[in-house]
Structure formats: structure tokens, C-alpha cells
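Common to both upcoming complexes is subunit A, partnered first by subunit B, then by subunit C.
Entry: the complex of A and B
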């Protein structure tokens, strides 16, 4: 715990000091002007909202997809080949997945060229906007491709460990139909056992960097891209603003993480 | 955690903190270097290991450095040159971080910098100097040339040594466009005729393109010269944003977003999404065509009101441990032999900073007989279209306002 926590706190104090102008080569001492200008510009809130929206949409779609795959293809996934194909995306790092998306879906990319050959479009500009677009289509699809295999693996494990197979048979024997089995047995058990991991993945997606860097727009930007841009900017005297955003983000995420882990301890003593 | 554990934890942290702060290195004494003779400096530099940080994003530059410069330095001066990767922002971050931590013997001796980075480094007093007049090969460089001795309207004052010079130019694909636009009015007609094929990158290169546009709105190539003028900027930028916002629906992706950086724009040009491009080194197309990235029909051309011509430099960091070695390396890099090798059109293809008129006869001939570019324009061709780099405040404001006035609208 020491090795993990001490550097984290040291870095947090450093960022906090920088954001108030106490540290930093070009800063002159305690000032709240960086905090003021970040809040006034509203860019942080927009970026936070944007990042949260992308994270939620990606998670909901991935979990929905993973649940469906788990339910429908549970037996098939025990076979070697299918499980290999399913889990292959897990081995692909984010950066590679991002560039792959560009190669496939950009206006000069693979699908655009097929559409052109098939006569569906006449110029590159007519191909729909799928990467670097305002709906973050490219980013969401990349996240989903990376997350569905992971969640499928997770849900399959929970399925086996919680003996959901046996419980479903029991429920059937007691008169439940397939729909009720899904709603009352399958879903509650799986989600209850994995919701902490899902919440942690939400935080992970919130702070994603390379995928939004490659596939995202210039405005609004996802949080990590915004922070790195601000701390590396041309006007050195404004670097503190990047640290302000970093501090706010860290506080929000830390509070969320603490809240996630507190109730768990209480549950241990309930029946 | 009970009291005993808390006490142990805190004492461990305290010990760690003490160890880290007790950085008992001696700062190397460089005060003698500024008055020493070149023989003394050269002798001091022999056998040292010099660290250099430079942009490693170009295979031809890396090839020149790793396969020519490094072995030559070892052979001639017994100097080991270690090159690490880092662009402007990384170099400045390193310098700032080391300054904040009070590190007196830094990781890097030489940095390859251009206007914006040297401006930032000067702001934090990160460069050591002045030193360039002590280099023997400096006599071949024309320090009266205002494109060389002034960096972002700030005199270099000997703090950085010129290494290469280049001018920005526009690029177009001659197979797709026969008559590319040469001023803002023609650009307006062009984007309506070929929508979705033009854009501006949201980085240093794109801001340089915007500076050309701003100068054109100012009415002449010299309209942005001199100290930063708030009212001039306000007036011209208002017109620029209005122009961009009214035409951006004909840009790439209907102007909803802009490519993050120059490399992305090059990729878009290479795969045919963009028909127009922009680049330093007179468009920078020669090596890209030779390597097969750009189509053979790519060409560079000048902008009517001119494009920025600027020099890039080698600087020595303030806390460099091997300053004598650094001076020797830089002197080698501006020697006629190294500059000639660098200027080969089919390798690094970088304009020499040396004034050909000042070179000895044999080198004059060599440079004159060197093969010329096959595809791109030479810097000589763009001579009449050269603009000086305006004051850095223009760049700062353009970065910010392009984001708030165009991208976010």
C-alpha cells in the first residue's frame, strides 16, 4: 500500500501546489486566478460531461452486448476456436485499436473505398463521418470492441462460479419461463457480483487517453486529452490551468472510488 | 493502522524525502568556457559523452544523425553522442522540471529547437550562452541575415546556434487540382468547388499557416512585423475568424473539427481526403514522395502574400553537464562537410544554413553541383514570398482564439 499510495499523494500535492501557483517555474505565488479562469471558461465541465456520456454509452452497450453473448453463446464459447476469436481483441492495445479504426472507417479508409467501388459514393467527402466526429462514433466503437470480450469473460466466470446453470434449472422446475429466468436469476446475480468492476471501468473510460487522442475531435475533448494539452501548451504561464483540471478530476474520481468501497465493508456484517 | 504503524510510515516517508533532497552533486564549473580558446574547449570535449534531445519523427533526419553524425563525431573527436527523442513541449517540460527540482547536472546537453521552443526556453532562462561566436565554423554563417539572427522577433544574442533554415509552402496534388488557390479569395472559390478537401491543423504548423493568412489580411508581407500590437491583432483576427467561420462548412468534415497535428494532415493528404496541404521545408514533400507516402503528383507552391521563413537552432541547456562537448558537437554540425551531407536532396534534404559565398572554393563547387530536388520547390524559388516570424504573442493568441472562435463555435 505504501508503494502505491505515497507517490500518488506526492503527485497530488504537487498538482495542487502547481494549480494554486505555489510551484512551477513561471508562477509567482499563491493565486486563485487559474481556478477562476478554468471555471469561467466552462471547458472543464463540458469535457467532463462529454467524457462521462461517452463512458456511460460505451459501458451500457458493452455490458448489454456481453450479457447477450454470455446468455446465447455460453456453450459455444467453450469451444477453442470461437473463444479464441471472441477474446482476440483483448490482446490489442488501445493505440492499435484506434489506428485500426482510422484505417477502416475514415473517409479515405477501407469501407469508404469499398463504397466507392460499389458506386455508393462518388467522392471521399460523401462517406459518413465515423471517426473524429461529434457523436464520438469511432471512440465508442473502439471501447466496445475492447470491452465486450472482457465483460464476456467476466460474466462467463461469474456464471460458472455462481452456479447460475443449476439455479436456472431450478427456476424452470419451479415454473418460471425463460424471460423470468433471465430477469430474476441471471441478470441480478451477474450484475450484483460485477458492479464494482463496472464502476471501476467507468472511471477507466473517463480517463482514457490514446483512443480519444486518435479518434476524437478538437472540441469537446475527453478529460485526459484536455489535461495533457493544457499542461503542454505554448503559453507557459497558463500551464497551471491544466493542473487545475487534473486536481478536480482526481478529487472526483477519488471520492467515487471511496464511496464504492465503503458500503462494501458494511455488507460483510449483514446476512 | 495503529499508532505504531503510522509512526513507521511517516518516518519512512521522511527518510525518503531527505535522501531525495540531498542531491549533493557539484555543479560543473563552466565559467571558464566563455573566455577559453577553442583549443582548450576542444581538448576538454575529447572523449566525453554528450546527450542530445531532438525530434525523431522523421526517418531521414534520424538516418542522417545516427548513420552520419554519430560515427563522424566518434571518429573525429572521440565524442559519444547519445540522442533521445523529444519535441518542443517535452524539452521545455524537462527544462522546467529540472529547474524546479534544482538539478544542476541535467540529463540533456544539446537541444534542437525552433522558434516557439526557444522562446519558451528563454522565458525560463533555460539556455546557456552566449556561445556561438566562439565556434570556428560560425564564420560561414551570415549572422546579419534577419531570418537567421532573429527568432520570433527576438534577437538570438548568441544563445542558440542556427542549424537549418526553411520556408513554409503550400502543397497540392496536381492530379486532382490544376489551379490551386494562391490567396484568400481564390481559396474561398476553391473550397466551394472542392468541398471537404482543405483544412488547417490545430498545431504549430497550422498556426503558421494562419499567420500567413493574418499577414495577407494586414495587406502586405510585412504587416505583422515589429512588436505585438493588440489593436492590430484584434482587427485582423476578427476578419480572419469571420472568414474561417463563414467558409468552414466547405472545409474537411464541414469544419466541425480540425486535424490535431501536422502528421495527421499529411496522412489525410496521402490517402486522398485532402487535396491541399501545408508544410515547412518548402512543403516538405520531397522525402515523402521518395518514400512513397505522397503521390508523385504532389507539388509545392507559394502563397501570394508570402509564407513564414524561419531558422531552427541548436541550443545548450543551462544545466548541461558537458558544455564543452556540446560546443564541439554543434561546431561539427555547422561545418561545411556536415551541412553538405545534410542538404542532399534524396536524403535529409535540409537547406544549409551556411552562406555559400563565404565558403572555400571546393565547397562552393560541391554545393553548386549537388543534385536538386525533383519534385519540391527550392527555397530560392520562394525568396520573394518570405515573411519573418512575427512576435510570439501572435502565436499564443492564435492558438487560443482559433480554439475559442472557430473550433468551439
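Entry: the complex of A and C
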């Protein structure tokens, strides 16, 4: 266990020491000015809100899409070819997805060329900002395209394991209509069985790095991008502020991990 | 009669899934593709020949990525398997498993930024060994959590039965536990291999640009606006996982829920 735990706590203590001025080349001793500076500038809170908003929007749309695909196409997706097709997007890492989105949605990209050929635009500047934009359109679309296949496969698996098909037939036999079966049987079971993974994916998206690095804007930035920008900048006096953000982020995800996984430990292996 | 729209939607979904793969291959075969042309000025194997000539070091990056991912996959899988057994039989397995989640949920790049000082002190900064160790630190908790579902009362009963029949702990491990865990070991290896293969942030921090894996190369090409080589790097990055997924797909999600 030391292999997993010691580096985590060592990293946390180092970041904590740096954030309070106890470590670092230009730091002289304990101070809280870096913490004050971070909260006064408001950049962290803005970045946190921005990251959380992107993560929530991406998750809601992805889960909605995956639920719809599962509900409508579960029988078709059982076939060998289509089943493999759903797995294919899992082979695309974030860095490739980000690169692909640039190729599609940038001002000189694939859709801009098509828009030009169709006479919709006359120069690249007229094409809307869809990457590195203020609404994080590129980031959200990338997350959605990466998450929908994953959640679809997950929901299909739960659908089979929890025998939702049989339960739906039973509900129909007892007089429920299709709408009621979806709302009272399908959705509650699927969401109850997968909510921990959904919460885990919220944390993963909150700390996403590659996609917002390629497709994000200068300000506000997503948390990981902000932390790396601050801890790797040339102005050494500002590095401590980066570690303040890293400490807060680590505390937030650690508390979430405790809330998600501690109460369930008693029964998790009782199979 | 109500029209059946499902085949059209399914065809659209398949097209959308295949589109990035086809686009990347076509882009890697292109050059002189200037705005507003919809088709490239050149289409052929020039870029691929250049790569095989190793002018850009892409082949080296492919080999480095393979070595790193194989090392991380093998070491994480076996250490995760062995240590998860000790965790399961421990009195405080709940707390120990919770500890494993901390490095797992933390963004690898932030983890790397906070750990870089220690790597520097240990001489693991900017070399392949350092990158392997750093990636192991995030792949190992995954393996540990993954094998948590393997150890249960049934497995314990098997172990007790072998002991009752006079089997040694070595025989239990090699003749009972390993065969039982074979498919899970394989899946875990694939997963940890992919964690390492797709890793960018941690590698860029600990490798400081000196360890140029394929993901690092893709970023370099994006920065240089060399999209053709970027697409080529993407092809090298995504096709090995496609092959792995083909073999892996039957098992992956059974263990997630």
C-alpha cells in the first residue's frame, strides 16, 4: 500500500509546504499571503466554477445521449459488428480527440471549408469560434463524443445484468405504459447502479488536462491547466499560488473520494 | 405504417464513429491542404515514408511508448494482483482500498507537478525510468482497485480447500489462483497498458520533453501546426489500442459495475 499512498501524501505535503511558503527557492518562511492572494484574485473560484460547469454540462448531455441510445438501440447493439463499433471510440485518447476537433471546427478546419464551398462564408474570420472559445463548445463536444460510447456500453451492461428487460415485461403485464416503464423501471435502476461511476467521471472531467489545453481559452482555464500554468511559470514568486490551487483541488477530490467510497466498503466484497 | 428510422440512425452512428479514424488516416496521407480546398493538394505515402526514414523520430517515439506502456502494464498488473490479495485479507481493507482511490482520482498532471521535486532529487527527472515510475504510480492504484472484485469468499474457500488437501502456498498460487485470475489479469494488463499509452500530462511533467512518447509528439506537432505529421502520430497512437480493444471487448465492462 505504501507504493500508492506515500507518493500521494508526499506530493500533498510538498504542495502544502510550498503554498504556505515553507518550501521553494524564493520563500522565507510561513506565510498565508499566497492563500490570500489566490482568493482575492478570484481566478481559482472562476476556474473551479468554469471546470465544474463544463463537467456537469458534458456529463448531463452524455448521460442523456447514452440513455437514449440504450433505450432505443439495445437490441441492435447486441450484434457483433455494432457492439465492436461502440467500443472503437474508447481507443481515442483525449489528445487525439482534441486534435481531431481542431481539424473539424477551427476557422481553417473541415467545416469551415465546407461552409466556404457552400457559399456560407467568404473568409475564415466569418466562421464562428468553435474551438478555444468562451463557451467551451470545443471542450464540451469533445467530452461528449468521448463519454457517450462509454456510458452507452456501461448502461447496456447494467441493462443485461439487472434484467431490466424482464422487469419491463413484468411492468407492462401489470398495466404500465412505455413511458411509465422508462421513468419507473429503466431510469431508476440504471442511474442507481451507475451513480458512483458517474460521480467519478465528474471528478475526472474536473481535472481534465489534455482536451482543455488544446481546445480551451486563455482565461478562465480549467483547473489542471491553471495549476500547471501557475506552477511552471517563469515568475518564481507566483509558483506558490499554483500550489495553493493544487492543494485545494486535492482536498476537494479527496473528500469526494471519501464520500463516494468509504460507506460502501463494508459490503463491497461480500459476493 | 410507421416508418422504421432505426437503420438510418444506426448507419449515422456508425459513420460518426468511423469518421475520426478515416479522417486521421486521410490527413496523414495528405499535404498541401490549404484553405478553402476540401481535398488535399497531395495525397500519397510521402509522410509515412518520411516517418519510416525516422526523420522526425516518430518511430523512436512509437518504440519508447511501447516499452513504457508494456513495463507499466506488466508491473502494475502483477503488483496490483499480489498486493490486492493482502489488502483483501487485511482487517482494515475498507480504509486501505480508500487510500488507493486518492492517487486514482487526482488528475495525473497535478500529481506529477506536486511529485516532480522528489523525482528530481532521486534522479528520475527527464528519463524513461522516471516516466515509467510516475505512470506506475497512477496505474498501480487502478490495478489494486480492479482486483478488489476478484478476491471474495469463494476464492478464499478455494485457498482453504487446497491448504486442507495439503497444497503449499506456492501450489495454491500457481495451480489455483493464477488460472482463476487469468482473464482478469489480461484485462488489467490491457487497461493499465492503455492508461500508460494515452498518458500525456504526467509524462510531459516528469519527462520534461526529453522522453518523447507519441502523445508528446502529437502535442509538438500541434504546436508546430504540422497537422499531417500530427495525424500520422495520432494513427500510430490509436491503432494499437483498436487491436487491443478487439481482444479485450468481451471482458472490459463486465468488471466495471
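The definition used in the following text is that the second predicted complex is superposed on the first by the 260 of 271 C-alpha atoms of A that agree within 3 Å, B and C clash if a C-alpha of one lies under 4 Å from a C-alpha of the other, contacts with A are read in each partner's own complex, and residues count from 1 in each chain.
By definition in this document, contacts are C-beta pairs under 8 Å (C-beta built on N, C-alpha and C of every residue); 3 or more make two chains touch, one makes a residue touch a chain.
All figures in this text were calculated on a predicted structure; none of them were measured in a lab.
In the overlay built on the shared chain, the residue A:232 is in contact with subunit B and with subunit C. In the overlay built on the shared chain, the residue A:26 is in contact with subunit B alone; subunit C does not reach it.
Touch criterion not met for A:146: it reaches neither subunit B nor subunit C. With both structures placed on the common chain, the touch criterion links A:194 to subunit C but leaves subunit B unconnected. Touch criterion met: A:203 reaches subunit C, while subunit B stays clear of it. Contacts of A:67 after superposition: neither subunit B nor subunit C is touched. By the touch criterion defined above, A:11 reaches subunit C but does not reach subunit B.
In the overlay built on the shared chain, the residue A:108 is in contact with subunit B and with subunit C.
Of the two partners subunit B and subunit C, more residues of subunit A are touched by C. By the touch criterion defined above, A:124 lies against subunit B and subunit C together after alignment on the C-alpha atoms of chain A.
Common to the subunit B-facing and subunit C-facing surfaces of subunit A are residues 23, 108, 124, 232. Residue ranges on subunit C touching subunit A, taken from their complex, read 6, 9-10, 13-14, 17-18, 20-21, 23-24, 27, 35-38, 79, 83, 87-88, 93-111, 113-115, 117-118, 136-137, 140-141, 144, 148-149, 151-154, 197-198, 200-201, 205, 215, 218-219, 222, 227, 230-231, 234, 237-239, 241-242, 244-246, 249, 252-254, 256-257.
For subunit A in complex with subunit C, the residues that touch the partner chain are 1, 3-5, 7-8, 10-12, 14-15, 23, 69, 72-73, 76, 82-97, 99-100, 102-103, 108, 110, 112-114, 116-117, 124, 149, 153-154, 156-158, 161, 193-194, 197, 200, 203-204, 206-210, 214, 223-224, 227-228, 231-232, 242-243, 246, 249-250, 253-254, 256-258, 260-262, 265-266, 268-271. Within the complex, the subunit A residues that touch subunit B are 2, 6, 23-26, 106-109, 123-125, 129, 132-134, 213, 217-219, 232-236. Those residues of subunit B whose C-beta lies close enough to touch subunit A in the complex are 9, 12-13, 16, 89, 92-93, 96, 99-100, 116, 120, 123-124, 195-197, 202, 204, 253, 256-260, 268, 271-273, 395-396, 399-400, 403, 407-408.
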